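Next come two complexes, and both contain subunit A; in the first it sits with subunit B, in the second with subunit C.
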Partner chain A sequence: MLSDSNSSSDDDQNPKPDATSIDQSLDAIENQLASISMSQSVSEFESESEHGIHEEETTELNHQDFRNGSLSEIDQLSLHNSVPEEVSRSEKDVDEPKASSSRLWTNAVEEEEVEAPSSPSSSGYAGERGSSSSASGILEVNNDGEIDAVRNDGEFDEVSDSQAPWVPGKRHGDEDDASISWRKRKKHFFVLSHSGKPIYSRSVIAAQLFLFHCSIGYGDEHKLAGFSATLQAIISFVENGGDRVKLVRAGKHQVIFLVKGPIYLVCISCTEEPYESLRGQLELLYGQMILILTKSVNRCFEKNPKFDMTPLLGGTDVVFSSLIHSFGWNPATFLHAYTCLPLAYATRQAAGAILQDVADSGVLFAILMCRHKVISLVGAQKASLHPDDMLLLSNFVMSSESFRTSESFSPICLPRYNPMAFLYAYVHYLDVETYLILLTTSSDAFYHLKDCRIRIETVLLKSNVLVEVQRSVVEGGMHVEDLPVDPASRSGTVSHLGQPRIPTGPPERFKEVFHGIGGPAGLWHFIYRSIYLDQYVASEFSSPISSLQQQKRLYRAYQKLYTSMHDKGVGPHKTQFRRDENYVMLCWVTQDFELYATFDPLADKALAIKICNRVCQWVKDVENEIFLLGASPFSW
Partner chain B sequence: MGCSSSLPDRNSVRSGGLNPENGGGNDAKNIRVKLVLLGDSGVGKSCIVLRFVRGQFDPTSKVTIGASFLSQTIALQDSTTVKFEIWDTAGQERYAALAPLYYRGAAVAVVVYDITSPESFVKAQYWVKELQKHGSPGIIMALVGNKADLHEKREVSVQDGMEYAEKNGMFFIETSAKTADNINQLFEEIAKRLPRPSPS
Partner chain C sequence: MGMPSANATSETLKLCIFDLRRGQNEGQELDKILFFYPADLPFSTQLSVIGLSEGLITFTRIFSPEAACEVIEAEGHSHVFYEAEPDIWMVMVVEKNKDSEAIWRIDGLRSLLKELHSFFLMFTGSIRALLDKEPSGGLIRTHLYYFIMDYLSDFLSGKKLQLPNFRDSLKERGTVHMLTIGREAALEVQSLVKVLELCVGSSQCSSLIMYQDLLVSSTLSPEDTVNIFNYAVLRLSPRALSSGASSWSYLRKGNTAPGASGPMLPNSSSVLEVYYGSQENSVGGHSYNVLRPLKHGHWSRGNDGFLVTDSWEAEAGSLVHTCPTIWLHKTDERMYLCAYQHRSLTIIFLIPVASVLNADQEIPFVKQQIIENVALKIIKVEEKLSRGWGGENAYHVSGYRYLLVDDDRCISRASPPGKVTTLTKESLVALSRLREEVDLEKSRAKWDGLGHEKDLEVCIRAKNNAWVIARLTRGKELYMVLEKANETLLYASDAVEKFSDRYCNGAFSFD
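Showing the complex of A and B:
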């Protein structure tokens, strides 16, 4: 067990005052987890000894090794063939037998898909009856605004990606199984109050339990209620000792705790995501709750410790399930940076100018987005918007279907801006994927914001911004195949992200190394994060990383790499080169940027380093198309 | 250009916050009116509005966040037009405290319940009392029992709805957003009850 009040390395010197009773609690948790995961086949786990090999073998390089800001070939870079991460567990899940306790879940799905006029909840007002159907979270809108069959029962490892086409009524084989998949799920999120009252659980069984208070047999609810109490007992026990629980390892599971005043957030995971990532996810989950309710909800607990918070969150289940889904595909959730829709500089400037005009008239923030990507955003003087707030706000807007229906005016709170106060958000979709959010402190400002929106919309239409936005969505962002050959020979004829558009000048590519697969020298993908801009750009997924499963695995690898690069205990690292069965990954962190690049596992190291330099140059060459520049109110 | 210069004037005109401009918009033939819908979550407020404004019915769940704003103009037989500026509020508990933001200055309040849900009828009565205390003086109130197509599941009788409405000086109607039954009638009846501005 790690504790917050001390650095983690001190823990072993700090035995808990009453080791017996905490051990009992741990035993209890392990027993419960064992029963939860009893249906999980043993083969789904790696043996313990295989864990964490990647982390330990990272290589730190000295900064002097970089000449002229370029990453030069360095022989000290260690290669290691670490044990591959477990692959494709989710394939297995599909074949799991169905438990009969899935009845409710299955019914719920059918309610959404067919209108059966026999029961009240399928009367055609199905969703309308509020919390019940939304609680089971049957449909989820992911951050791309695509509707996706929810893995509310949560096969998290099988998460679909932004690039995935929306398949109507898409169902996963494991999805119609409530209890088994609950046990089998790689990751569970719970939110409970300090008195042990459940607030949120991403789980069909728990949702049924907590929100419907109905029994579906099999004694699961008793298991879970006991479970919640156990979690609460562990947290309280350690807190009473003036300490705090951060992490409990129980067999293959990590149990991560985050205590926020009267609200306890818990994640139980066997995904092997690093502790820091999971904790970051709990922080975001908490932030999402604050966005909906503000931190003043704490006062309700002061008045009444047994306060039940669930009614206050009524109808927001889809917001949380969409956020949790984004933990599996959206790099913004761990990079703490936002990403922009690629647009010509002039186009983004045109959008920025009209937003600025509006911001000068008393709007606190004006944000124009397309799916989860920023087109432009402007803040009033001295007001800065944190990337995490943007993530939570755009998740809230995109996951709440009603915003698409008409213009709306709703109180929201930006946790990083002011967790105690509501702002008022005017939200309007300009087209299917493009939406405008105007934030103000004034509850009376609706008509003013409506006028602002009309002016913005008029200007955007006149200056063709919305057409350009649609074009960019179709064309996508940076493709590794388009990496320019030689920075010196860049031509002036490029029109979109450095891609030559003139048919007479086809791009020369590094095809000699891995012909037809990915980019030059086996480059498969990259993420570049600009440190001052708080923005990142990720290349589009291309051929070797084409399946969702591969994208998901790559995402996890980045998450791990990011964490190891930012490990405060041994880091920060400047570079890291790792090779495993799946990839060569190269990470390079400077004061200005972080580059994470993925190559073919057989890629040549020297060449890979050369390519990374080229990628950085490419990003610099097109930075005014891929980043929002000059909007520098983000200084905090 | 910019709202900054014109903002103070607008505020002075719109002292009522979310009120539309009442001055200038209305004449004897063209009436503009602010209408707010209140009621428990899931009774079908948004469905009523979308049926009225767009002629659509969408059975899927779209929990309203905060409040949605829509408008629709209808023409009456006496050739007057009434433009409804509709605030469709969220029924969730966390928004209850914010309701005054939306009903302040409203000339019409439509309180909706679900005929299959006695709890929603109780909630409707709460809203009626709240409006009597804090609503605009002279506010026109309609009590609407929605989901009338589900008569086999009915738990609130027409009698109960009617009696409560009568006692509180409200106009009563049962509607079905799903079948469109009585939706236009609801708004036409409201329009008829609006005070006509004297020609100036």
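Showing the complex of A and C:
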């Protein structure tokens, strides 16, 4: 609408039709919200929490159950309904004007954010539209900050609706739980087409958009499009002026815009994440769409600007919500590198050898992964896999429940490899967390790949690789507490990541002993990224950052540090020391690697530098175990 | 279309002021524009700039009611917003990438808008008040037009406006620069202030004493001190008066003294006409008494040592020597402004208008008193300060390029500009980016209610091996570039520590 009217803006008679139209839609929005936001009642908070939006807090309490897989979907739901009441109360405290007495605490709580999108059903959205066909999901964070996506369907909606009644027609005027949810969450993503059509009308993203519209008093999809249209209007208004809008900042909020041909992506965030990080997240979101659809979807828009992409993405909401969730915990999303499961060199070699074997038989890429960590991967000659593609692919596989239950053969596109063409992915879970992906260009290679998988599986079982994988998962990665104190004593009997194993006692005991106050000199955590390997290794979280909130805050601090070091205009810098009330952080970028280390805020500078050197040495000492070393022609 | 580049020279900057309460009906949109630079842009373009701004202000208020749109970053332009008064917005649009110098720090640009508005408040009062006085808008438009054009003329370098960019990263607008004086001199100054107050005879008299472009003493609130000090540096200081002399102060630009603001005001009357051409009665500057306190060359030093101006002539209509008046920010009080200058020393004193019954008689009387009773003391103080004055590079610290800001007291001190120019562009851009980061942290802390509690230390070794450093603690800020420093972080930290101990009373030191 905007672009049309703007084309006549030379006419002084009607000089600013565009802005007026923005105004009109926005005025309506604003007036509605202004009245809404005045009142907040406890019951509304509670009803909000019943919508099950507080994934992270709830799951922190429940993860054990989830991991055991002992809960039925209904059980999960009831947990959702019972636990968040506490949470909602603390939220309420947060929403109230800042009490100066508990300022620090308040801030800490505010740090918590719930950007893991709600299940559409729990927002009442899917239920309202009676769309049981749309897949919906809940994201859960387990102990290691990883995602288990729990798929559910229409039945769930019903249950949800019955437990948390939601009356569409009721949301007007002073109804405000959705508006609270809007403000409670720190980050919102929107995807729309260049004609202003919401692309995820049935997805989690649209559910948020929908929530937003509930918050402004609109309850139906028709009006939902109005907000999309506003975003679209802003983008095309600036575009018509011969420019391209990137960012709008207002107080704590940032609105980030990304235009990808006919697809517009927008993020509204009040997290502290820098613009560059959020833009990177939109890029990944777009990449995830391309992975599902390829870029040739653009042609549909060329043919018909009002093309509705939604049906093409049907059932993929969990993929996007899981990706959005990973923006809060997975360093791969901003480091543009992947991480490996720590394994003995020989074990990884064994896995690599059999993968190489099948790669030679016409498989483009063979990837063996455990959760988001790579065990081994092999590519056909000259084919290289971008870390972002790996992130998107593993997210796609892990978030889709169907891959877990049976072997699958699915068309996918690797946006960095070739955004225009589909590849075919054969996916098979070898155990609960370990899965094999075989990529090929041939659409009829299923049986061949199945044979390959059988061969691989046999070899992996025979060579004990899967057992070793399980063992590594239990033992975890590098613990800062294990940092070798004296470089001279590195020799001798070392097994797991340079540390002598304690021969007796259960692993829990082992951890108890060593998980006290972080590593030497107040070292709390580090990330080491090898530039030429495109891989990173992050230490396990030590006790000073044991809670999810602390981990997320640390993650954000890394994002900031990374952005600051890699400034587009003048970066990359060489070294950075940063101290604030939360941490001392040190970053060191060389041609070969980047080290990001976090210390206690009172850490001694000179000592911290020494420790960083030692960390680098440690990583080099165990690089055979923590990295996938160039055994394959995979990258170069 | 939209933002046409009809005139290449006028493209680099757009500056507008608009009132959200006006022109809300269709067809009356022009009414909301109170000022637009460049004025010769087609109305469609002006309205599209304002339309976008207005749309985004409304849009952002939806989810950020406490702070509406502050900046739009587009690929080609930055739009900097400042809500000067409720519903009255100033928006500056600067072009990026036009040349390699176009690297801006948003808060640096916003401080320019703030300063402009503070000056306007000081001389003219609030925009809203003038709008209320004459709702047609002619009065405020005329005032704003001349005022802002005069202000912008300071940024004119050749035919182009040169806005503060990354090269100004070691400067802080909206602060005062102090002269450091010894104890003895301080006592002299103190007694001078006392004598001045006695002479003026009014208990509410305030004074501000400057040596060259530096503040020696002020009895005003920090905000008012900043305003008057910066105005004085721009128009009253000996350097400002001797037009053509280049100033080393950031407040004055370049060697080319614009003199009259000729280039900035190409066709003023016609420009103003178009806004209210429909209203036949009052066109152009003639029917309004326009105050132009920022106009160049309108202050001069009289034979008696007092500075005189004809800028305020028009206001009162007929009087020959009207004494200028200003509004104090803190008390909202109207004051007569008198300035006396002896060589490098400028003494500004303010007398409440309310306390003067007959200005034509009383002000000259006060002046006479000062000449008779204080002139000698002034000479003495000036001599004393001159003897202790280390020259333009007095505050240079060898090996350091720094900026020190005390937010609470609105004071800053920096390496002399001549020394800053020795830094490479790379270092300055890196510092500008770092300051941008710190600005965000500060604003974040403000919204989180932490305010001055923000404590931050950042040391970056840039690609060119320069150390770029920022330190924030208890409302004080220190920015530093060390170009020829050793490569170790400890060396850089040590350098900061030494600086802090020696020049900042250890404010940035760790014990």
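In this text, the second predicted complex is superposed on the first by the 409 of 636 C-alpha atoms of A that agree within 3 Å, B and C clash if a C-alpha of one lies under 4 Å from a C-alpha of the other, contacts with A are read in each partner's own complex, and residues count from 1 in each chain.
Basically, contacts are C-beta pairs under 8 Å (C-beta built on N, C-alpha and C of every residue); 3 or more make two chains touch, one makes a residue touch a chain.
It should be emphasised that the depicted structure is a prediction, and the values quoted were computed from it without experimental measurement.
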| item | value |
| --- | --- |
| Partner chain in contact with A:D431 - subunit B first, subunit C second, else both or neither | neither |
| Partner chain in contact with A:E302 - subunit B first, subunit C second, else both or neither | neither |
| Partner chain(s) touched by A:I268 [first = subunit B, second = subunit C, both, neither] | second |
| Subunit A residues touched - subunit C or subunit B, whichever exceeds | C |
| Contacts of A:D592 with subunit B and subunit C, given as first, second, both or neither | neither |
| First (subunit B), second (subunit C), both or neither touched by A:E475 | neither |
| Partner chain(s) touched by A:I292 [first = subunit B, second = subunit C, both, neither] | first |
| Partner chain in contact with A:V358 - subunit B first, subunit C second, else both or neither | first |
| Touching both subunit B and subunit C, residues of subunit A | none |
| Residue numbers on subunit A that touch subunit C, as the complex places them | 6-7, 9-12, 15-16, 18-20, 22-23, 26-27, 29-30, 33-34, 37, 98, 100, 103, 107, 110, 182-183, 216, 230, 233-234, 237-238, 240-253, 255, 268, 270, 272, 274-275, 564-565, 567, 569-581, 605-606, 609 |
| Complex contact set, residues of subunit B against subunit A | 1-4, 7, 10-11, 14, 17-18, 20-21, 40-44, 46-47, 50, 57, 59-70, 88, 90-95, 98, 101, 114, 116, 147, 149-150, 153, 178 |
| Contact set on subunit C toward subunit A in their complex | 1-3, 26, 29-30, 42-44, 47-48, 50-52, 54-56, 58-77, 103, 426, 429-430, 433-434, 437, 440-441, 443-444, 447-450, 454-463, 465, 489-490, 493 |
| Of all residues in subunit A, those that touch subunit B in their complex | 112, 115, 120, 123-131, 133-134, 139, 292-293, 311-316, 318, 357-358, 360-362, 396, 400-403, 405-411, 425, 443-444, 446-448, 450-452, 455 |
